[in-house]
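I am attaching a structure below and will ask some questions about it afterwards.
Letters A, B, C and D name the chains as they come in the text, with residue numbers starting at 1 for each one.
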Amino acid sequence: MILQVHDVTKRFGGLQALSDVTFDLHTGEILGLIGPNGAGKTTLFNVINGVYAPEHGRVSFRGEDITGLPSYDVARLGLARTHQVVRPLHELTVRENVMVGACYGREKHSLKEAKRLADGSLDKVDLLDRADQPSGSLNVSQKKRLELARALAARPYLLLLDEVLAGLNPSEIASMMDTVRAIREDGISILMIEHVMQAIMSISDRILVLDYGTLIATGLPEEVANNPQVIEAYLGDPKMTAQLLAE
Amino acid sequence: MLDQLISSLTDGLLLGFVYGVAAMGLTLIWGVMSVINLAHGPVIALGMFGTYLLFTHLGVNPYLAMVPVAGAGLIAGLVIYVIAVHRVINAPHLSSLLATFAVNMIIIGVGTAVFSTSPQNIDYSLGSVEVGFLTFPASRLVGAFGAILVTACLYLFLYFTRPGKAIRAVANNRMAAELMGIPSSRVLALSFGLGTMMAAVAGGLIATFFPFTILSGGPYELKSFVICVLGGLGNPLGALVGGLILGGLEGLIPTFMPVSWVPVVEFGLFVLVLLVRPTGLFGAK
Amino acid sequence: MKAWQKPGFWLPLVIVLVWGGVVLLIHQDTMRETAFVLLMAVGLASSLNILLGYTGYVSFGHIVFFGLGGYTGFYLLSEQGWPLFAAAIGGGLLSAFIAGLVGLAVLRLRGAYFALATIGINEAARAFVSNFGPYGGATGMFVNFSAYEKYGGPGPALWTTFTFLWITTLVVLLVSYLVKHSRFGLGLLAIREDEDAAMVMGVKAPKSKTITYVISAFFPGVIGTLYFFKNGNIEPGDAFQLHMSIEMLVMVMLGGMGTVMGPLVGAVGYQWLRGYLLTSPIFKDLHLAVAGAMLLVIILFVPAGIVGWVRNHVRRLQKVLE
Amino acid sequence: MAILEVNDIASGYEGVQILWGVNLKLEPGKLTTLVGSNGVGKTTLLKTVMGLIQPINGSVSFQGEDVTNLSAHARANAGMVLVPEGRQLFTEMTIYENLEMGAFSPRARATFNQNLDKVYELFPRLKERTRQKAGTLSGGEQQMVAVGRGLMAEPEVLMLDELSLGLSPLLALTLFEALTRLKKTGLTMLLVEQNVTMALAVSDYAYVLAEGKVHLEGPARELSKNDEVRRTYLGI
């Protein structure tokens, strides 16, 4: 068990963003996290990696309680993530961006060593030929790859991926999926948020479904896809629609 | 002892009203567009000189002179906004800080060349007023009334007129305001104009109390920072209360310790409030 | 490639090295005075740039460290009889210490709030020193004449001070380069670009920012001691001029923030312009207004500064101008 | 004739192109729905239509006139009104003031009182608390204010971005009911929704956006039976 989330609750003002979320992530697993917009998926990520402290509940990573630890300490334990809205460090080059990940990740590397590692992870995501360009000049798909490379360079045990496929075209999606699979082959566990259903259903070992801050379903992809509660969360309640039309 | 305490407190509070007006201009601009106007001090000084020139050369009553001074302040603000501020409104804070500071340098530079730095004063006395054992210059009382009047006008403008409400809407959510058909750029320019108008009027009022030079706006700009932070940046009514607190402190402190400690307390408090309650003493958390 | 093989590393150092060397060789008083003002500007602007340029935090009251350090160094030298070198280091250490104390708290503030707080700290320090007996209160201190004798009288003492300033400036530029091109500096640049993302990557932002604040406060303290020793007296009005703080910012912006060369170019350019305007018969009275207008043009149209602009437009010079 | 026409719009932000030639037409008096998965560019399209984002290519015409170069506030004055995603209320102002700001444009001022009555009739809950600050309301009430504010602008076309986002099913239902009542008044509307079933049920015509282009279009009733829509959403 690499990650255990137990009874996590997070509020913003009066809004209940997460309520009593509990799940485990097995070592080497790809766990998909889905749910409609505003369901609390990114908030859950933020609680796991220490951007927010939960009001209630526990997060433990590789057997260690990391609840409430600042995000930089969590990162140094070997938990890396990407952001939904890509956040490259604009004025730095692509390579320098990835070097930040290597220098401050799980292993503390010198600049020289970080450079070597950075080139390695850039190669893995097919960005090596852009290494010397300023990261602000990349297009969206390259920025997504850059974020991934940056997270990989930290040599994490667990990777949180927040919508790495959003905004990509089908061929880009396919190659990104290959990259994600290759990362898992390297022994890194993955928790990923995704809206591109076909992709997440095919790549995940298990799926979690979040709706209004509550886990409404957990299971194998095909189970989840046929769960009436999940369909309703995504497409709306057919009974409610009938009621609306009746009026 | 108590008499003295009350009298110096009253003195400070009366002055505090005028500080409040100066700070209100700064806080209005911050509240609407998140710009700290470092040209605030020189505009205060221009208000002083405007009132002085109208009085000395044209013989206009200094209080009446404040009407054209206010108008000129509004126009000056619009011009400053269009030339120096509009292009950096969405840039990092450093840009707008330095752009308004550049305006500060230009005003001080031209002002020094025109007016020199020798002190001037408005030679117009209203005598003094006695209330019980308290005696203070009548100009202070009129100044305080002027300040209350200006605050009331600003409040009525912001809450009961269309342009005023548009300013609040733009301050609150510029994109939504634009979607509702409010021309946000023009509203920003108007807000900046109003902010400098308040500074000019405050300058005019202060000029009736003390001698001044073109550099005299600086200390009031610093005081305005303190007041805005006490009252919560972006909160005009908070600025008035903050002004009273500062004026009160300035009145009270000298009865307990040497007057030279006043700025230590003021700026110490300023940094403390920024750290502990950046939304101001009465702002929401 | 080793650091000394890179022009970005040695170019600024060689410029200052040759410049100071020439002044020492020619040994002319007016030339020394001009060079003193310029090197001081370079040193101050470069120190500020270590904070402003690398972390993006806008310190509007950075002159407080020049004032506090200057006062302390001056006191040690004049009242306690310390040698100039030790007193200057003492002044720098005091500034660094204060920055460490204040930094942890103030650096939590972001953007304009941080800028305002630094103004407040400067004003509070000025007011405090005006009341502080050992430092001479509002009238300040005059240098004890015996302090000059160690260096063979007032004239030679000025040359010694200049030499120290020259060395200090070289050290600032060296440190500026080394910080930028270190693992630590990479973390700072990450903070500048996106502090929250940097923390998620493992950069300990609070600690890194405070260390940087301390470094960028140390040198103004040293320079302050040298400057006020040269002047022979110190008073609160001169030591904590908000105006000088902003001039430092302008120099950094003019040259290009976040580069090692930028503050050097900006400081020399700004001081040269200022000197020219002050002596020109046409602009003499309007020098401040003209400088303001130029600043405005730079902010509005060349926000990257001179060095930044050149780097962005002439790719070949990117390696030369760090 | 279409009241609003989007011709071959290419758009994006921060140098990232998201839309690659979108065509759309709104027929007067009809409710049109735009659906598509997350991140496909629905909000970008609405923002481009309103002039908050300048398109890379293409044009927008409204009532037969090209408005591509008009500012957002000028378009609002002409009768194009967007109820933006995330409500974007004036949180520091009261409900009444929010509605008042909705009627800022000269064309809306004349009918202020009638529109106010209409909004209060549609959402009686707002009338009870006109003096309450909008920021203190619940999510559903905020959405009512947002829609109400849009209606106060006397729109010729009302665009609604993510009407039911973050609302509980019951509140979503309330808002959809309001939508159907507005439809009966003959208002032209463009709805962006993630609740596809409900959106298609109330709409006349629908567009499905995928990969930055219009992927499918047709009468809503037909699309609601189309398996392809379902597939884009659930990946089955």
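Miscellaneous remarks
In this text, a residue touches a chain if its C-beta (ideal position, glycine included) is under 8 Å from a C-beta of that chain, and two chains touch if they have at least 3 such contacts.
Just so you know, these numbers come straight off a predicted model, no measurement behind them.
Of all chains, D has its CA centroid at the greatest distance from the CA centroid of subunit C.
Ranked by C-beta contact pairs, the top interface belongs to chains B-C. A separation of 31 Å divides the Cα centre of subunit A from that of subunit D.
If you average the CA atoms of subunit A and of subunit C, the two centres end up 43 Å from each other. As a whole-number value, the distance joining the C-alpha centres of subunit A and subunit B reads 49 Å. Each chain gets one centre point, the mean of its Cα atoms, and the points for subunit C and subunit D are 54 Å apart.
Interchain contacts (touch definition given at top) occur between A-C, A-D, B-C, B-D.
Chain contact summary for the complex, subunit A toward subunit C: residues 49, 51, 70-72, 75-76, 80-81, 83, 87-92, 96, 99-101, 103-105, 109-111, 114, 150, 154. Within the complex formed with subunit A, the subunit C residues making contact are 181-183, 186-187, 189-190, 192-194, 196-205, 258.
For subunit B in complex with subunit D, the touching residues are 162, 165-166, 168-169, 171-173, 175-184.
Taken together, the subunit D residues at the contact with subunit B in this complex read 50, 52, 71-74, 76-77, 81-82, 84, 88-93, 97, 100-102, 104-105, 108, 149, 153.
Within the complex formed with subunit B, the subunit C residues making contact are 52, 56, 58, 60, 105-106, 108-109, 111-113, 115-117, 119-121, 123-124, 126-128, 130-131, 138, 246, 249-250, 253, 285-293, 295-296, 299-300, 303.
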